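Each of the next two complexes has chain A plus one other chain: chain B in the first, chain C in the second.
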Partner chain A sequence: MTAPRTSLMLLVARQELLLAARSRWTQIFAAVFAVLALGVSASGYILSGGHGFQDFARTSASLVQLVALVVPLASLLMGVMALAPERGTAELLFSQPIARRQILVGKLLGLLAALAAAEAVGFGLAGLVVFQNTGEDGAAGYAILVLGSFLLTAVFLSLAALIAAGAVGRKRARALAVALVVWFVAVLLIDLVALGVASVLPSTAASRLLILSVLLNPASAMRTGALLAIEGTAAFGPGSLALLRFTRGATGAALLVVVSLVTWIVLPTLAAVRRLSRADL
Partner chain B sequence: MPALLPGNLEGRPAPADLSPLQARLDAAAPGAVVEVEPGTYRGDVYLDRPVRLIGRGRPTLIGSGKGSVVRVRAPDVVVEGFDIDGLAGGDLAADSSGVHVAAPRATVRDCRIANTLFGVYVREAPGVRVEGNVIRGIPGREAGEKGSAIHVWNTVGFTFVGNDIADARDGIYIQSASQGTIRGNVARRLRYGLHYMNSDDNVFEDNLFEQSAAGAVLMFSKRIQFRRNRFIHNRGFASVGLLFKDLDDSVAEDNLIADNARGVFLEGSSRNLFRRNVLAQSDIAIVLYGSSSENRFEGNAFIGNLSPLALFARRTDTRFDGNYWSDNDATDLDGDGRSDRPYTLGSLFDHLRGNLTAADLMAQSPAALALSAAERAFPVLEAIQVADGSPLARPPLLPDVPAQAPRGRRLDPWGLAGALGLIGTGLAVLGAGRRWRWETA
Partner chain C sequence: MIRFEALSKTFGSHHAVQGLTLAVRAGEVVALLGPNGSGKTTSLKAAAGLLRPSSGQVLVGEPGLPATLPGARRVLSFLPQKVSFPDLLTGREVVEFYRLLRGVEPARTDEVLQVAALDGAAGRQVGTYSGGMTQRLGLAVAALPSAPVLLLDEPTSSLDADGLGAFYGLVEQRRQHGQTVLFTSHQWGDVERLADRVAVLVEGRLVADLTQHELSDRLAARGVMRLRLDACPTELLARVQRLAPGARWAMSQLSIPGSAEIRAAALEAVRSGGAEIRGIASDDGRLDTLYRELAGGAP
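After this line comes the complex of A and B, so read on.
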């Protein structure tokens, strides 16, 4: 009996979710993320000096920074570990009567579910602290932060798939090293280079370059979008206005951030599928 | 056309423009109390003898629309308990107001003044007291086409207490008026909450200046005192919480200066002392021009500002000592409450964004942090050295600084429900993954 394609893919996803949920790494990530998120929100509300300045916006902004650093790293490493199996495992898996494309996308979905679930627990715990102390309507900003975190997970899982697809049949350590480099570039290097180049360009071109680099780099795009959603134009001072002028308003900015993130999910996945289907095992 | 006294001062209104109350006022003996019953009285009122004009049950005075509604031209007058409507009429050049005071020791109390060019205009009226009034400007009119809510000119000794001001041009305009007390007023949605020229020795306590193009703009004056005021939510493109231009020897203590585009702005101002204030959540906490000298910042808390200082000079002799800086990550190993090394205001990154607005987008990003870490490790760039020599390691307790909003924990039930939902869903997904068996597939 042949199951329909989608259910085959979901079968793979479910198996991957099961593996991920049982994996010590997922459990460690869930615990670490929960502790960090809880720590950030508690230091924002409970341990702060008592002036009420580490209010919702400040705490959420710190959570954004945490997400922008930790989520890409966890997604890349766990993605590569799950998607770049050792040689024997790969041969066995890919000899099954399922298209490689379905295996890859299914595995990605399963991983995404596991990581998103782990993050959800952390956000939930932090949310318990946050929403006991805020009466303002911050729930929408918080929801955007959670959603942004899930999208960022998908982006870097997709990049992990591309890295892993290039490493089929090779040492897994090499793929992990590549993943670390990708993390460093996305989280730090692109912004640094953009700032460096911008400092020697004339101001209009420099301004454009910075705005483009913020929108094109998925880690920065998520950070910028979430901070703007939570803090409004106060997030970056005059810089926010420069960005909003460039994108012609808040809707344009939101649209560009989403387009950027979705592109970073779709394109690396497609490239990974292509690479994997051509790979000679 | 109403008669104008010397100096463009509005005199007695034309008979057709007079209020029906005028007959009683003209008959009143000096020192009399004229009580007014509830009702609506159309026309302007002219007070040329010391009487107490008291509204019982909030009578309404609707002006002629040709000038000031209540004109005080004799000393020791009291105007109390009226709703005053100016019909958006009058003449800016004649200072047309809800209540126009041009005599000593007047009191304007508990009036609700709306739709007038100026709310209360105080002209050469020492000892005036403006207390507990609600003043609203003319809705929908441009700032240039209306006056201040409370305007005082050429007066020594005045008291403005507990007024609630919004939607005028400037909230309180103090011009050549000294030795005043301004306490417990609220001014919001204005051009400048407080506007100020050539007026010395005034005291500001417990006022709130918010949501304006500038909270307070003070110029050409000396020895002003600010205590426990709030300058907050002044968020326009070039907005300032508290701006000093050519303002010397003044003291600001225990104020809250928060959520402004720029917190404090000092140009050509010297020997001012900022002590125990909270400066928070600004794009730039302090803008300092080289024309300012010998200012001191001591024991303030700088919390969550994008940038602590924008310095428009090669060097400054303004001193920072014993302040708390929330982005100061230096340790306090000897436990004396002070960081182990000085805090440098302004980094390489601040220098970059000074020249390039869009660089703000990367403020607080890992890249900006890396830049400042690298700068500390390899000080290749001779940055402008402004430092706090003994920064506080922990936020100071500043009990006299007013809170931004009413304190207290407030629950958000929807947020809590959402948080619980997130935890539940997350655990369910992870748990379900663990429980599944191959057979179920």
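After this line comes the complex of A and C, so read on.
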């Protein structure tokens, strides 16, 4: 008697969710994210010269930066740790009658559920505080930010899977180092380099480069998408503004951002499946 | 049931296994022996579908599926050399996960935990287990499905007495059910007790494929008997050397190399020669010595 294929993948997902929920790293991430989100909602307005709590729109605008910074880091590190298990664990699991792609996708789903739940705790607490103090205005944009955060988690878990696929059962430390480099490049470096290069290019070429830097960088894409949703274009960087001008409106820009994020989820996952299928354990 | 067909595996410039051709039939228990780095684990991992052969193939089951296909892994169960589990799961959760993955009936969880003598520790997280308990948990997982092929990589390396009993019981049970067991080991005791046949790998090549009795004989032929005597007159030494030319007398000890028969005949010669025997020790040949001889093509 053999369980159907889908249920094997879900079984792996359930196991990974259980492990991630018990992991102190997930618990720390949930706690830190919640504290930061609460802090942002309670103090951001004060920092900008006002007093009291921010409404949903202002809280969202402040949280975008936090999400773009913290979520990729947590997803990459926790993803690599979970997706590149110890040799003895990997050998036993991969010798079972289940395809490697099912193991990989199952683990990704479990991790995504765990990290999304951890983020939901932070967003939920902050949202509750904001709702009680300022009402529901801007809640829809806040919900889109939450969705954007989940998408960004999926993107960086997918990248973690690609990094970890060559490190199953070995080279875990190296994979973690690569993950840190990817985070640094995606979250900090690309925008700076693009801006620096654009400043010496003619305006059309600079504009194209800046648009590319938004669409090819999932952290920037999420930031742009979330700010569009909360009508926070005042906080746009040059890349996001160039994209908005190029698409002549928010709808086109939002569509491109979603396509970018989905592509960033699908392509690394497919590459990770391919890499893992060919890996010797 | 397992067929290695000209299997070769190369890692960079290192040839881990070179042209291994070996068949393990249903109902056979075969030990894969060899020094460290001889390709035993690589061969076993190729049979478990964990490695892609550089050339050749490993077929598992009947009529024989390439081991890299998930379908082939349905007929086998594999215990890695240094098995490990997520620290945060309990022993029971680990077994339950693999039970569901293999589609085995629920009652097997308690059965295998009991066989592995882990029923008392099943509720504890694996992170609290000793090395021996982790190995026993691995054995429990490997024993879950009644798969026709059981692959075990140095299963006794860190087992305590309870674990050894569980391991021997598992292999005997599989043999009785006509299933195939292929295991690697450095422990001559495991081989002597369990194996019907022994395949010896040296530097990635199969250098011998012997029955267990043939291997015992070869080891016995490389044995040494040491007798502590009050004295060894020249004529007695000459008499012993006619039976065992390598016999030497030094420091009140007469060393007599040779097969069990030669050693027995030499002992009789010493006794009838009137020497007072104050102590006796006899060892069969060592596996590492045999590996070197087999690698060099010595008899």
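FYI, the second predicted complex is superposed on the first by the 255 of 281 C-alpha atoms of A that agree within 3 Å, B and C clash if a C-alpha of one lies under 4 Å from a C-alpha of the other, contacts with A are read in each partner's own complex, and residues count from 1 in each chain.
What we mean here is this: a residue touches a chain if its C-beta (ideal position, glycine included) is under 8 Å from a C-beta of that chain, and two chains touch if they have at least 3 such contacts.
Since the model is a prediction, treat every value here as computed from it, not as a measurement.
Undergrad: Touch test for A:Leu192: chain B only (first), chain C only (second), both, or neither?
TA: A:Leu192 contacts chain B only, not chain C.
Undergrad: Any idea whether chain B or chain C touches more of chain A?
TA: Ranking chain B and chain C by residues of chain A touched puts B first.
Undergrad: In the superposed arrangement, does A:Arg278 touch chain B (first), chain C (second), both or neither?
TA: A:Arg278: touches chain C, not chain B.
Undergrad: First (chain B), second (chain C), both or neither: which does A:Phe131 touch?
TA: first
Undergrad: Using the touch definition from the top, say if A:Val214 reaches chain B (first), chain C (second), both or neither.
TA: The answer is first: A:Val214 touches chain B but not chain C.
Undergrad: In the overlaid three-chain picture, which partner chain does A:Leu11 touch, first (chain B) or second (chain C), both, or neither?
TA: The answer is both, since A:Leu11 touches chain B and chain C.
Undergrad: With both complexes overlaid on chain A, does A:Ile98 touch chain B (first), chain C (second), both or neither?
TA: After superposing on A, A:Ile98 lies in contact with chain C but is clear of chain B.
Undergrad: Of the two partner chains, chain B (first) and chain C (second), which one does A:Pro202 touch, if any: first, second, both, or neither?
TA: Neither partner.
Undergrad: Residue overlap on chain A between the chain B contact set and the chain C contact set?
TA: 11, 15, 18, 22
Undergrad: Inside the complex, what are the residues of chain A that reach chain B?
TA: Contacts found on chain A: 11, 14-15, 17-18, 20-22, 26, 30, 48-54, 58, 61, 65, 68-69, 113-114, 116-121, 123-128, 130-139, 142-143, 146, 187-188, 191-192, 194-195, 198-199, 203, 206-208, 210-211, 214, 220, 223-224, 233-234, 236-243.
Undergrad: Taking the touch rule as given, give the residues of chain B at its contact with chain A in the complex, in rising order.
TA: So the residues of chain B touching chain A come out as 235, 237, 258-259, 261, 278, 280-281, 283-284, 301, 303-304, 306, 349, 352-353, 355-368, 370-371, 394-398, 401, 403-405, 407, 409-412, 414-416, 418-434, 436, 441.
Undergrad: Which residues of chain A touch chain C in their complex?
TA: 1-3, 8, 11, 15, 18-19, 22-23, 85-89, 91-92, 94-99, 278, 280-281
Undergrad: Per the contact definition, I'd like the list of chain C residues that touch chain A in the complex.
TA: 11, 45, 48-52, 70-71, 73-74, 76, 78-86, 88-89, 93, 97-98, 100-105, 138, 141
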